Amino acid sequence: MLANHQFQLNYVTDLLGRRQLDAQDIIRQIVDFQVAIPSWALGTGGTRFGRYPSGGEPRSLEEKIEDVGLLHRLNGSSNSISLHIPWDIPQDIPALEQQLREQKLVIDSVNSNTFQDQKEQPYSYKFGSLLHTEEATRQQAIQHNIDCIGYGKQLGAKVLTVWLADGSNFPGQQHFRQAYQRTADSLASIYEAMPSDWTMLIEYKPYEPHFYSMVIPDWGTSYALSQATGKNAQVLVDLGHHLPNTNIEQIVARLLHFGRLGGFHFNGSSYGDDDLTTGSSKPFQLFLIFNELVDGKLDQAVNNPAVAYMIDASHNTKDPLEDLLQSVNSILTSYAKALIVDRATLRDAQLNNDVVKAEEILRDAFLTDVRPLVMEAYRQSGGALDPIAAYRAERIREQLIQRRGKLSVSTGL
Amino acid sequence: MLANHQFQLNYVTDLLGRRQLDAQDIIRQIVDFQVAIPSWALGTGGTRFGRYPSGGEPRSLEEKIEDVGLLHRLNGSSNSISLHIPWDIPQDIPALEQQLREQKLVIDSVNSNTFQDQKEQPYSYKFGSLLHTEEATRQQAIQHNIDCIGYGKQLGAKVLTVWLADGSNFPGQQHFRQAYQRTADSLASIYEAMPSDWTMLIEYKPYEPHFYSMVIPDWGTSYALSQATGKNAQVLVDLGHHLPNTNIEQIVARLLHFGRLGGFHFNGSSYGDDDLTTGSSKPFQLFLIFNELVDGKLDQAVNNPAVAYMIDASHNTKDPLEDLLQSVNSILTSYAKALIVDRATLRDAQLNNDVVKAEEILRDAFLTDVRPLVMEAYRQSGGALDPIAAYRAERIREQLIQRRGKLSVSTGL
Amino acid sequence: MLANHQFQLNYVTDLLGRRQLDAQDIIRQIVDFQVAIPSWALGTGGTRFGRYPSGGEPRSLEEKIEDVGLLHRLNGSSNSISLHIPWDIPQDIPALEQQLREQKLVIDSVNSNTFQDQKEQPYSYKFGSLLHTEEATRQQAIQHNIDCIGYGKQLGAKVLTVWLADGSNFPGQQHFRQAYQRTADSLASIYEAMPSDWTMLIEYKPYEPHFYSMVIPDWGTSYALSQATGKNAQVLVDLGHHLPNTNIEQIVARLLHFGRLGGFHFNGSSYGDDDLTTGSSKPFQLFLIFNELVDGKLDQAVNNPAVAYMIDASHNTKDPLEDLLQSVNSILTSYAKALIVDRATLRDAQLNNDVVKAEEILRDAFLTDVRPLVMEAYRQSGGALDPIAAYRAERIREQLIQRRGKLSVSTGL
Amino acid sequence: MLANHQFQLNYVTDLLGRRQLDAQDIIRQIVDFQVAIPSWALGTGGTRFGRYPSGGEPRSLEEKIEDVGLLHRLNGSSNSISLHIPWDIPQDIPALEQQLREQKLVIDSVNSNTFQDQKEQPYSYKFGSLLHTEEATRQQAIQHNIDCIGYGKQLGAKVLTVWLADGSNFPGQQHFRQAYQRTADSLASIYEAMPSDWTMLIEYKPYEPHFYSMVIPDWGTSYALSQATGKNAQVLVDLGHHLPNTNIEQIVARLLHFGRLGGFHFNGSSYGDDDLTTGSSKPFQLFLIFNELVDGKLDQAVNNPAVAYMIDASHNTKDPLEDLLQSVNSILTSYAKALIVDRATLRDAQLNNDVVKAEEILRDAFLTDVRPLVMEAYRQSGGALDPIAAYRAERIREQLIQRRGKLSVSTGL
């Protein structure tokens, strides 16, 4: 296998060399690229119609860290974890810190949850959280977000991700303008309690779990809310949160231009928030998105903070760990393709309105087989050339089932 | 309230009389129109993100019959129940028959469930049921459908509804042609075991719970399968099971023309299978659908069996019983509007391509306020003029909670 | 007919009176509501596949004014005209002013056209106008917009509507961030040349005539551009310019809340920018939009300038004048329904999260037959009870054909 | 360039050899694959908003044949032409035959046009053609189709493609069931006049140019019509003719399974019938479609006639000939990727429900850079390694402009 890899790597190195591109330089950039793994994606997900767990799921924050450590050992690209509160409330902080250090992991962000009622909670979110008509319910939701910041601080996180399920199912149910203003006011209260070196990410979603209106349905609303909230409030783009046929890469470019692109939730989607493996459905779109990210990063004129890259998916069909390995692989592959785009020539073609040439430059990068570069990046960061093959060869799932049981069920969707 | 009703009824009777329409005749047709209530819609539904139960939910088949009886008492339009197996396996048949007779209810259909694994079941449906690659799994699913027919026969049902969640989440996962053929073969086996006076309804759905392919994604596939299966196999149209912008009323017309429209699942939908209150989102579309149903019924040339009308919704936000009362009201209102369409003039306008006139005829029927006719139909069938008001005045939900408890949870989605 | 009208009007007056609503007051508001007619919608439109003209189309600005005057005489609700430059460059200003006065019409707005090349024009818009890579082409497009303002000033207009067809058909064709910035800079140049009592309306559209990206695809981009341009720059909402399933009424509420809703283009749409008769496809949505407009107008807290109401459609199938009469009728009917919403009770229901009640209040208003109010408004403003019937009875189209010829073709799409 | 090609070809030959695949065998299959060029795509297209011609467009059938000959010389993959009547009525048959022979071209199909009125034609298609309410109009449209067959016979075509623009813009305009039946009857009349070795392709399209209903909106309707018409009636799939998010590859598999897939119209689409360069928008989908086509061809159980492959696009932005060269290149690239799918292993993974493995097999084929195989196929069939580069180097457009003029405008959309 290594011989075969070397054969392919040599070829692509030579190929890129002929275009004055240094393969090793690109590999280094791939090595540096890290994607956060969400704690809730380590167990088998489900739909409202059912769930088919596969066993060996992590039963605690410690076991979740263990699983991410395992992924990071295999691909060297998953060095951080997104926590979800209240599913992941840390208990023994020093022990967790020790475990994170050992696995070379960090906590990147904390996600609040006001879309489900917790047992002990006095007020229900059935009719909303940050937009609720009742002051007490809003306060409870605000406090939950502030608590999340507190948990995050304990483990070194610097990002609070706010996804609001708030919305309505029927015309008339909510007063649009007032619901918006209550949401904006609640976010301002949370922002006030946030340390100045933290970032608040405001996610948008057009529908689900509500099917008439969502209070933050589109990037325009997230953007307006980030303007109203403060300079450390940013927009989070989730690939599955758009109406049919949305040009997402242009939204990415817009937000970069405005300096308000805070983060990314990667997943695959054909219809709605399908939460499938990243890249499984529209790999060309994923490449075009990375093309904007790379272009923005290279442009001095762009004044956007560092973007937080996270996976957010629900693994209903596949082994969650295999699914995550596939997702990271697709992300890195798309990133690598974006890195070899001949931007100088592209700029010329654009300025001359040579449409065919401009398109062919992107197409050339997309059609080039960069997988040997990604594999080499795995290898150089101490992972496996083929992480899924290694995962299977090591019989990791079987071991996890043995240790944790066939019926262990992780928190998540 | 009655005086106000009489005032409005008199007016609409007069108004219709001026168009040579007999209000009483229309009221009679509304009285005759019955919509089946699905047993699974009597409890609070949920999304994959959470569930907010409201209490007092029916805990047994008997209590579900009780709830439908209650609805039928209030609106006189819900005289039948759709069972869902295994959630509603009947135990004491004579007692159930007695209860049904007392409540003036019948069982219209039985719905099989091969989209969830049941505890005792040897083979999993994770990778499909009627299309499964393994013979044993297919046989288990076939037998479950045959069992459903058996349960239905015990209570006088004549319809088996087959909704298949079978599909795939990823390209390559299933072989399209073989998956289709296995499905067709399985349906044939079930059909063979079905009494000759039963109807098999084959439902289609483009996505969810699978997000790459569904084995029966569209009416064309349902139609082809019904042709292959036999003359008592029919297509079932669920209003929420279409891609964005689908012209559903034309599909209804097509199936009537082919003699293959077997049944209807009513619900409201803005995005996908939202399962909201019928008529809450697109009342004009609902009217246009009824316009086709009425037109087909009046046309001697149409050779289509009686259509089974059923609600299929998930009540996440509202009291399920109030939601069902609203849904039936919207259905009857749309039906009443379709009944007053001036078809002779419409036909003339169509033949003369007088587009404005043809459209205005439909618009006139749609804009006419026919609610007094529906209220009068309620009254004449022994129900309440305003069923929701009556439901609230009688404090029925409070009583149900008292009897069944705040935490009772019904089976369903 | 008048007797029949009086019978229906009496009923609805009585009906509303029972709800403490003054029918005459509502009629007065309907009378006051005026919708601008676009000059380009007076001729038969077409698709890229063909055009089927019906004859008698206006051949000059004078004849267009004549046609709008004719509509206004019939319905009393179309007192203004939207001009399109270069199709409607005014020549004899005093004569036009005289004609407008006689017909009781005003010019409300001027629409620029940089989506087509004009014969004499030195630079082509094939690759864009305000976003073009070439300074000279941008300047030409900027100057055209400034010229439009000049023409508008001559006839008393106060609004410049900018719809940009600028976009791209292929990935790579345009640099998203630079294309956006060039557009913003060009708009700023036009704005600078605009009198301070004018409003610039910035329209958005997700696709067509370009099918990969549009430089202003959504309300978020229009909003950001209006912020960057100045306080008299506003967003224009065209009902057909949204991706499938967009909740447009919520966008309307957002923009009102931000004080940036400048105008409306009414039309009907099932799939994309179908440009059909307003209200022909989704009358409930149209009502919900008016519900927001009325609610915003009644709310002291809303600080939004007066909204410009315009029709923007393409009449391919019907007689354009009949189509416009239908559209205005649908608009007024929706407006009337919005005026009878019981807002106090609705507010209570919303604050109490009584979802069923809130929905039923809107549903009640929507289902009420308010057509007699609209007819009475026509009558009181000197129009015909049934404008289309009057148009047909007067044989207006036949007269226009006789005067202007069977083959006269108006400018437009 | 040739050296560089040889370097890449050697590599991919070696790479495939390691998987027991014979590169030369795949190249041969690519060489054999031919795509028909539509006569109407040789000129600059347009949208309803405008057209930007580029000059040198073919002014006659002879010049269109010349242009396709030119393409075929460059890529060796475009050996046939789809005619459009009345735009391409052949005059001097022997001369045309001679020209076709010289250019090594054939006429593959004839497309009828009943979506536009021709000058001399007595009845208008404004309200439909094959579905028209008037017998005389239907007869005219039927006769036009029969005439098309006649023209096609003169030049050796064997396929009649029927695309019907018939539909309606407004509810009520057409009677759905009768409109369908009139269409079916008209098709039967045409079929009767068709030689027994001809194929009739029945195209479907959900909307445009009508925006409420199309008489053949989906594959289900095309399929039902093909069943009713006869065994030589087949379904034609146009990639741009689907509602958002349709899984087209599954439709392809269905039709192959039913033995009713007659032909393909290739183009690129992001929103609707965008008619862009094939492969420019969703290359993965194009690959998955070819995956079904290849799989069906290899399967003895599939009993489907040969599929007719045609491009159908409108070139608004690019030089039409460059656009066609790109389209054919994307088609061949997708085909080549489908040819290297490891079907035996895929079948195993599918039977074992090893979802990750099944998906990775497809992904591996998709991510492999097969362009050297396509280039070699060009070379072996006597074309250019890089047809677009050759086209530009030879300054072909400039020559065409010189010969035909800057303002020559071809027939088409």
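A few comments on the model shown:
Order of writing sets the labels: A, B, C and D. Residues in every chain begin at 1.
Simple rule for what comes next: contacts are C-beta pairs under 8 Å (C-beta built on N, C-alpha and C of every residue); 3 or more make two chains touch, one makes a residue touch a chain.
If you want to know which protein each chain is, UniProt gives these names: A, B, C, D = L-rhamnose catabolism isomerase.
It should be emphasised that the depicted structure is a prediction, and the values quoted were computed from it without experimental measurement.
Taking the definition of touch as given, a chain qualifies here only if it contacts chain C and chain D alike; those chains are A, B. Chain pairs B-D and A-B differ in how many C-beta pairs they share in contact, with the greater number at B-D. Chain A and chain B, compared by their mean Cα positions, are separated by 39 Å. For chain D, the set of residues touching two or more other chains reads 126, 168-171, 173, 206-207, 212, 244-245, 247, 270-271, 277, 280-281, 284, 317-318, 355, 359. Chain D makes touch with chain C in their complex at residues 45-50, 52, 115-117, 124-126, 165, 168-171, 173, 206-209, 211-212, 244, 269-272, 274, 276-277, 280-281, 314, 316-318, 413. By the touch criterion stated above, chain B contacts chain C in their complex at residues 4, 7-8, 11, 14-15, 18, 244-245, 247, 270-271, 277, 280-284, 317-319, 322-323, 326, 333, 355-356, 359-360, 366-369, 371, 388.
Those residues of chain D lying in contact with chain B across their complex are 126-127, 133, 168-177, 180-181, 206-207, 212-213, 217-221, 223-224, 243-247, 249-250, 253-254, 256-258, 284, 288, 292, 295-296, 299, 302, 346-347, 349-353, 355, 358-359, 361-362.
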